[in-house]
């Protein structure tokens, strides 16, 4: 995720980092070259012109507007829902820590163990979503045997959730809390289960692939036909206009592809590392333990 | 459901599998033939021309944009809501398995029985939505008499839900859990009941048929009038332009029809088989049983 | 509600039943006659022409697009919310039947009485929404005195809800269930209360009338001005084009008016009869009673 | 709120009551006069023409479409959310009355007192939202001292909510209900608290003022520039076209302003009086008391 | 937040305060100067003209419409969700105060302490969101040691929530309330935890930066190319038209930037000070304490 102060309106026009310009530059160069070729052909070989005008492009425009509008909204909804799920994760782990502190009847030491389960749950979810290895984080946070058992599971967060549930059950069996209180914990465990499932849904079910193909084709055919349609009316300025229109379409296409998979590692994806660290810090503060050092970010403005 | 790595932007332009191109090719060929005929008539028989220009098409464009935008959003919402319901099914069955393990006071053997009820519930729902026979799956998962009783029911998932509820009730009657705990299960049974109802709603109530007729007619009349409107201004390139516009409209029309019935068996429909298998695997892992082998998919990229 | 298999794309173009064509045919005929008159006047009396071109129509187009898009979405949202409420009704009555069977501690006979209250509640709601007489259904389902008392009430579903609540209370007073269980029922009664209220809201609060007037005027003025604007550029094909544009606008106008009152009796309205019957069948199956015969539908494809 | 049967499509074109035409007639007259002046100047003083054509108007059209679409959706969402809150008020007060009748263990007389608190709460909320004096309604419904104490409060509905909560607490202290039941009431009191807060939010936070200014300016500048842009191409019919376009824009602008403040007293605002009366009638029916006479409406079709 | 009576339609056209005109005036002046220069060059140096017409602008228009529509909706959604969270804060703190008064079994003095915790929580959240110092407000509301401990915490509202939870726990340990009642409080503490997390989410996760860059560039390039495209067809009126189109685009761009960060201090941001004061006043009224004086506003119409 890129977090920058909003620049002055003028300097924002020339921002390089955080724009997708670097990424689409090659395709844009191809488009520019084509436009120049079309322009040259128009001047040198006027007999071989392609009879296109701007009119048919406003017809494509309708479908393109529908495709882009739809795909963009669907992508952003995925991004924002993913962010909401991680926000809910923060809220629910805080609520569970508060319940452990004030409802469980357990001493602070046991509560700290429970809080470490919550933190391990957070990291396990992060690693599952990014398909990275949760091993080091589990080893850091959990007692050895539990870390190994968790590492061996396919659905690690679900396994840790079961462990938390057992922690509460032991308290009840020891008579430190009654059934009603146990169910207050259980209610929040249901929430965590919903969060895991929702994240798995977003990670595992992309926007139907066919939309992606269709949109991509429409955008690129539109862009590569455009110089033929404009060259008659806009003359020598055609390459600039085409490059600009092409830039907006291709940039939108590129950014949508980034945020539709919000758990990835691209610039505009969610800062799962930073958020995991925040959850760790706030939970540790609640049980009066020091927070670990903040993670190092790949770039001044970019949080991963 | 098609799950493919996002290709390079250039190769995506020529993807064949996962595009709806094969399906709409015949209609597109008809349209192309018409365009060529119109072009030929324009050249050979200039006296018999149809006085259409591009102008009226931008008037239809408005209604088309409204129809397509609406229908597309409504279809995708249905697809996504269906996916959310199956996500909720995963979350809630996991929560119930966790409750059975830590709240029910039952031995592991009895919990495994309960978990098999949950898995049978999942498969019964899948078969109801796809109108296939749940018999083999029920026989595989349930004891004989229960499998037969369930098979005889009209609303099989509801019947299995009742069975789960009875499993909990027996625990309470045996004094292994109290009323409060029973209601924690009951809360999640209400959720399952909501999921069944929501899936039945999506499967049983299509988008009003009249929209479908209206949209279809508008799309096809638009496409088949288009060559008459464009031939004057775009000359020999008309067939290509018409085919491209026709392709985007017909492809959108085709994909919307696929995803508006998300429980079907077409390429872009939900992978109910895969999801049922995931639920089975995660629930069995929770009770320390091995997962069954993953289902075989119809094609490398396609999950059903 | 019309439920038809999706036809072949070609035959769908000529579907008669389920399209709103029959309903708007008179207005369309008026529009066609006007177009022909305009065309004739253009040829016979060229001196008296109206100086309209296609240009101003794209200006109206913007407002029309906003009106139609908004009204259409608002109508469909009403339709879909109404369907969701009836889906929730199915889910909640099933949940209550399940609770009566497994939580109430009552014998099957008493549970069947309760289930009949649930069914009567469903029919009472249907009759209230369609402003028909609930008498026969109440008499069929309830004991005589209760049927009469309910029939005399203004808010019949609310009255029956109170009766269900009393059924549970009697169980508690008799010691068959405790307060906690009673509240599990009460939670679902709250849901039913929400469903009744939501249906009353949809039935009693239309989309603000002024929108309706405004949209209607804009659509018809647009259509009836269109021949004057097109006749210069499209010549003898004007009547066809005008009829086609008019058809799409008027058909959209007509279908929106049908689904914005989703509890009515028009072709695209909700199949309240069918849904009530489904609820009756599923609830009776749960208490092992035979389902009544399915209602007869007005037409092969139409469910009411 | 205006509730009229949907007229015949033809008579709807000439409906006067319920349209905003009367309200915007003066501005429309100004616009018409300007158009005629522009037309006259075009004919008499062709040398002084303003070089505007229809082309730039389609450029404004985009922003206008965005503004109008956004503002209209935001306004309608406010209207519909307000209606939902009052629907929820109906549902929740009914649920509370049902709970008082079947859970509280209180005699009917005491329940009737509680129901009058609910009704007084409804009227207090209505008066707060419309900034009218709740005194007469409070005096009619509550015992003298309570009516005075409530009248003295700044946040009257909150005060009455506290009073209801005390009514339940007294029942618990008297041993007529246990803690669990008290919390079932408390759950619905939380709902009422949410409803009060949501209504205060809608009444107190308008759509950001700047949007309003921006939209208004764009609409009126567009309308008043339009005759200059159209006069060249549409000649003597210009005033009619301008008046029609101006009518649709100004009417939309006017109706949006009405419904964005849904608790007001304009024609399209919510019928708070009628809804309060419905709540009173349904609650009194539940405790077998006669309903008060229905309020008199300002006009045959208009409910306030 | 700006709250003004809706003016007369005519005076609204010339409103200065509350419009973003002052803020964008410099850029608008640059644009106007450019337009005049283009116009002059067109007259003086006709040979050096840029071959642009209005046609390509309608092509950009589609992307611009998508960008602006999307960004505007996303911004307003953030604004409105932030307002909803603060509305929920009001509702939940009221509910907690009501619970403390009627469920906690504590004397009024202890309840007032609890209510001051709620008020301190509100101010701590406000200061966290605006990154200002909560010190003075904490010192004013809390006993010395608690104020200092809270001031030292990184996540102050979470710390105060823990404190409230402890207040309830002490009541239970002293036998003044039972576990069930404690959980009714706990339910609302979960809500407060959700509100804190949602506000942190809105404050910490902006709309992806790349959208911002893309939109900004498109808007400004569009505006600065516009005079070249219009000068041929609109002649001497070009600067006025360009300034007007530029005003609408830039103003929309500016207002979106204000409301997308709804917790800021700009004119259209949320009135957190006023809302905090309202919460304080309503909570104090519930425990019969006088409200503090209302905060002074920066301007007659502006609430901060």
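As written, the chain order gives the labels A, B, C, D and E, with residue 1 at the start of each chain.
Simple rule for what comes next: a contact is a pair of C-beta atoms (placed from the backbone, for glycine too) under 8 Å apart; a residue touches a chain by one contact, two chains touch by 3 or more.
Note that the coordinates shown come from a computational prediction; the quantities given were computed from them, not determined experimentally.
When chain C is fitted to chain E on its Cα atoms, the angle of the rotation, on a 0 to 180 scale and to the nearest 5, is 145 degrees.
In whole angstrom, the spacing between the mean C-alpha positions of chain C and chain D is 24. The distance from the centre of chain B to the centre of chain E, each centre being the mean of the chain's C-alpha atoms, comes to 39 Å. Residue positions of chain B touching 2 or more other chains, listed in rising order: 58, 65, 69, 180.
Chain contacts in this assembly form a single closed ring in which each chain touches exactly two others. Starting at chain B and proceeding toward chain C, the closed ring of contacting chains reads B, C, D, E, A. Of all residues in chain E, only 1-4, 6, 9, 12-13, 15, 18-20, 54, 57-58, 61, 64-65, 68-69, 72-73, 76, 79, 83-84, 87-88, 90-92, 94-95, 98-99, 101-103, 178, 180-181, 184, 188, 226, 230, 233-237, 241, 244-245, 248-249, 251-252, 255, 258-259, 267-268, 281-282, 285-286, 291, 301 touch chain D in the complex they form. Looking at the complex, you find that chain E touches chain A at residues 27, 50-53, 55-56, 58-60, 62-63, 65-67, 69-70, 74, 153-155, 158-159, 161-162, 165-166, 168-169, 179-180, 182-183, 186, 189-190, 193-194, 196-198, 200-201, 205-206, 208-214, 216-218, 220-221, 257.
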